[in-house]
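Pasting a structure below so you can have a look.
As written, the chains take the letters A, B, C and D, and residue 1 is the first residue of each chain.
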Amino acid sequence: MNAIGIVARPDLADAAGLLRQLAEWLRSRGIEVWLEEKTAALADGALPSGCRRASGLEVGAAVDALVVLGGDGTLLRASRLLKKPAPVLGVNFGALGFLTEITLPELYRTLTGLLEGTYRSEDRRLLRAVLRRGAEERAAAEVLNDVVVAKAALARIIEVDVSVDGVFVSSFRADGLIVSSPTGSTAYNLAAGGPIVHPALSAMVLTPISPHMLTHRPLVIGDAAEVEVRLRRAREGDVHVSFDGQGGVPMLGDDRVTVTRSERILRLVKAPGRDYFEVLRTKLKWGER
Amino acid sequence: MNAIGIVARPDLADAAGLLRQLAEWLRSRGIEVWLEEKTAALADGALPSGCRRASGLEVGAAVDALVVLGGDGTLLRASRLLKKPAPVLGVNFGALGFLTEITLPELYRTLTGLLEGTYRSEDRRLLRAVLRRGAEERAAAEVLNDVVVAKAALARIIEVDVSVDGVFVSSFRADGLIVSSPTGSTAYNLAAGGPIVHPALSAMVLTPISPHMLTHRPLVIGDAAEVEVRLRRAREGDVHVSFDGQGGVPMLGDDRVTVTRSERILRLVKAPGRDYFEVLRTKLKWGER
Amino acid sequence: MNAIGIVARPDLADAAGLLRQLAEWLRSRGIEVWLEEKTAALADGALPSGCRRASGLEVGAAVDALVVLGGDGTLLRASRLLKKPAPVLGVNFGALGFLTEITLPELYRTLTGLLEGTYRSEDRRLLRAVLRRGAEERAAAEVLNDVVVAKAALARIIEVDVSVDGVFVSSFRADGLIVSSPTGSTAYNLAAGGPIVHPALSAMVLTPISPHMLTHRPLVIGDAAEVEVRLRRAREGDVHVSFDGQGGVPMLGDDRVTVTRSERILRLVKAPGRDYFEVLRTKLKWGER
Amino acid sequence: MNAIGIVARPDLADAAGLLRQLAEWLRSRGIEVWLEEKTAALADGALPSGCRRASGLEVGAAVDALVVLGGDGTLLRASRLLKKPAPVLGVNFGALGFLTEITLPELYRTLTGLLEGTYRSEDRRLLRAVLRRGAEERAAAEVLNDVVVAKAALARIIEVDVSVDGVFVSSFRADGLIVSSPTGSTAYNLAAGGPIVHPALSAMVLTPISPHMLTHRPLVIGDAAEVEVRLRRAREGDVHVSFDGQGGVPMLGDDRVTVTRSERILRLVKAPGRDYFEVLRTKLKWGER
């Protein structure tokens, strides 16, 4: 563990003190510290000597681990910068996140474990999505949470045919369809009525959004499969596909999205003594024993 | 019962024979027959003498009752043409509709009841929706089914504050919010997880679409109330309001939609011997006793 | 307002001081104070002079209003004692209740309003349920929340036919069926997936519990109707009907339960400034604006 | 493939002809045919020579494959008789079953594939459940569908603590809790709101039945885990555990059920050309492309 990157949510208030303190803590232990430009800007020039400022991609290429300060959205974005499965330590500000589960008081204890190699982590597998028109690949993405094919506001409904490994599953008439990883199962999938899927399970969830067919239900399948979502009909502007909630690429009739297991994983550092179910209980307010 | 209008789905195939037969049946009983232009066009000029062709609005103003040939969408559109609560007889082609419940074999028997004044009907109350920005009324509509405030495809979520008669209900972070009449309760509301509400109940249903707060549930209130849905934040193009699934008017931050009971009703003619629950059972495939 | 009754949850700890204080407060304003025997026992004989101890039914017959100390269960039980629609003031200990919404700090302010006649209240209509075998009336009850027909643990499923005002609705194969009032809509009905129904709406909710038919949905109807639930088949010990969660009366094949609007109402005293939706938001943890 | 057993639903009407025909078909191909006593009784003594009649357990021990005539319940029962993972061919009478997917017209074609070794099959893994009080093992079962801990009719609710591999998941206050295999996911689990889980996925589903906590959701975990369900409180007669919907063993306070992956599998013979999703579509009436 030679180099550690720091990425913070760009609008994080009063972060200068923490950033300096964190950088000093790492530097004093002989660690090379890389900060994303915007994160460094938050520190108001008060960083210890020897800290490197660089673009997100440079940071991602240089470091052996990443500390993210912010919420799940920041971690989602920052984890994309990494070129290898380096450990990511997500520190939440405000509310506990599903991904940013480490609190400020736990930060240095967790970092110590990281440097000493005694930390625990959870590997979260990404999904790979490709949008094709005929033979042309129009868009591709690696997602941690989900691939969503959904109607535009003015469209009434989408109609898609779904198949798994080339075997037809069903047609869906709905507001949309979510293909979610276990990690994404607690995000949009949960709001749409899908189940919680433990992140250690090699699975994907297919969850229709407000399906017209009342007997359509979320479907959990193994992630070694290839899911294909094909539009039955769509006029310009009616349907979009989005990756981890980002942007949205228009789809036209006969366009199809395939989703498979990605080669990439996110290695999420756990706080000492905290387990997956504790995060669930806190986030979903299940109460304690 | 002097004048009866006929409105058919514009793409209804092989309708010429039926239209001519229906018009003759009515003419032979001394009824003035009005056809919407597009409906008349379906008849291929083979209409009996004395039939009137006119715009939809003229038909709506002239007639004492309306026969609709098509599906629920056609009936929804045609019923807007009426200026008074005239009986509407919906004949379904293909599948039974929630509104177009009369089958072709039942048509003349039901019409006979209509002419003789012995028919049964269900009154379906409409809702009135008004979209305002400050004091300015930007759009208004009378809806039979629902008013839907929803995100555009590229937006991640909407945030609205809902109040009832000026009393704050809750903030909702969701894909959207449906304010549905009892009639609309079996449309989009059902897909979004809302309950079935009997059309004789003076009620509205507020159903969030994929709410992030898992404890948000559909809420049924009396229709004497005024529901207000106010945007908390929205950028251009993020949120739309639609009326009975039609079009969609963009909403901006601080815009608000109010929904109240309309003065208008739709008087739906029932087939002899068919009741509301039979339609439900058939449409939702509940099976028989 | 001459006489006020006090009923406390029998296991309420450390209630002696509060009971004496409350009784003195009322006595000093010239109010006759009636305590249920078990409640008086909680006061350890330290009650002010002139307080009456009596059975619950005597208390219910004598008083013009009732103060209930405990939770929703205590209020449900205490409200049964009343012979007329006297106001009931529910004070919660521990967590806010849907019915016991008044906190200790609000108690005397609310009582003052009650004595001065300036209080606000919500009328909650009860339902009346009758269980019949042939012409024989085997059980009858007035319920505030719900009538539940459910399987015994060892039964796999129940099969019932439901009709409304003599019109067949559907057969249900399920774990059970809940007929709920608006007040009961936030109790068992909510757990079973039913909607929230505003207490001012004259309605009932029919909610199947884990129905095998996936298209069965909660159904909201007007409370002027008579709901009949008839067993299709049942062996001894398979099916029970319960009233407000109390006890459970066995049902056999061909037994039927009818549910109608009761003549009785519960007049629930509101805390000054608290409305129905605030209670909902707090109980369901919807968060604040 | 030397010996094939036949087990029919005991009340199967007009089965004599089919049983004789089936037995002759198998005998003429040199197969030893074993019939369960009750099945043989259905054949009215008209069986070809050389057929063996025996108890279910003897049949299960002797055969290399099993033909089941009936529905899913019959197959569930019959599959318990097998001592090894022999192929089971389920022929449905009346409606298609999730397990008995083969129709009569497909029977001999499928059998031919079975004899020639060219058939396709799906392996369905069973779950193993053990009920313990302290160190004492009070009941144990291998289930194909589910283990259900549920309240008795007169109980209001159960309270259980669930842990996975010794890690606390949550307390549940509910009507009950289902631990389901992928095969069972389309049975009771589906009625209780759980997801469909593909049978090839090595998973279990934990689905609370009508949970009071509205944020409780079905949870899918890997089947290498040990699930423990422990009662928090229960009085005599309040809670039962049942295995594949059979019987029901009373549970008392501190009793606990553990569920793990069983060593046993059910090898289900597929009809030529029929896949898992086709069965789903038909059973859940999803309609065709």
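Just so it is clear, contacts are C-beta pairs under 8 Å (C-beta built on N, C-alpha and C of every residue); 3 or more make two chains touch, one makes a residue touch a chain.
Because the structure is a prediction, the values reported are computed rather than measured.
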- Query: When the CA atoms of subunit C are placed over those of subunit D, what is the turn angle between 0 and 180 degrees, to the nearest 5?
  - Reply: 180
- From subunit A, which chain is the farthest off, judged by mean CA positions? C
- Message: Of the chain pairs A-C and A-D, which one is connected by the greater count of C-beta contacts?
- Response: A-D
- Message: Centroid from C-alpha atoms only, then distance subunit C to subunit D, rounded to Å. What do you get?
- Response: 41
- Task: Let me have the rounded angstrom distance from the C-alpha centre of subunit A over to the C-alpha centre of subunit C, please.
- Result: 46
- Once you find the CA centre of subunit A and the CA centre of subunit D, what distance in Å lies between them? 37
- Query: Out of subunit D, which residues touch more than one other chain, so two or more?
  - Reply: 190, 214-215, 217, 284-285
- Complex contacts: residues of subunit D adjacent to subunit A: 161, 164, 167-171, 190, 194-198, 200-201, 203, 205, 213, 215-222, 275-277, 280-281, 284-287, 289
- Task: Could you pull out which subunit B residues touch subunit A in their complex?
- Result: 150-156, 174-175, 188, 190-193, 209-212, 214, 239-240, 242, 245, 247-248, 284
- Note on the structure: The residues of subunit A that touch subunit C in their complex are 214-215, 217, 285
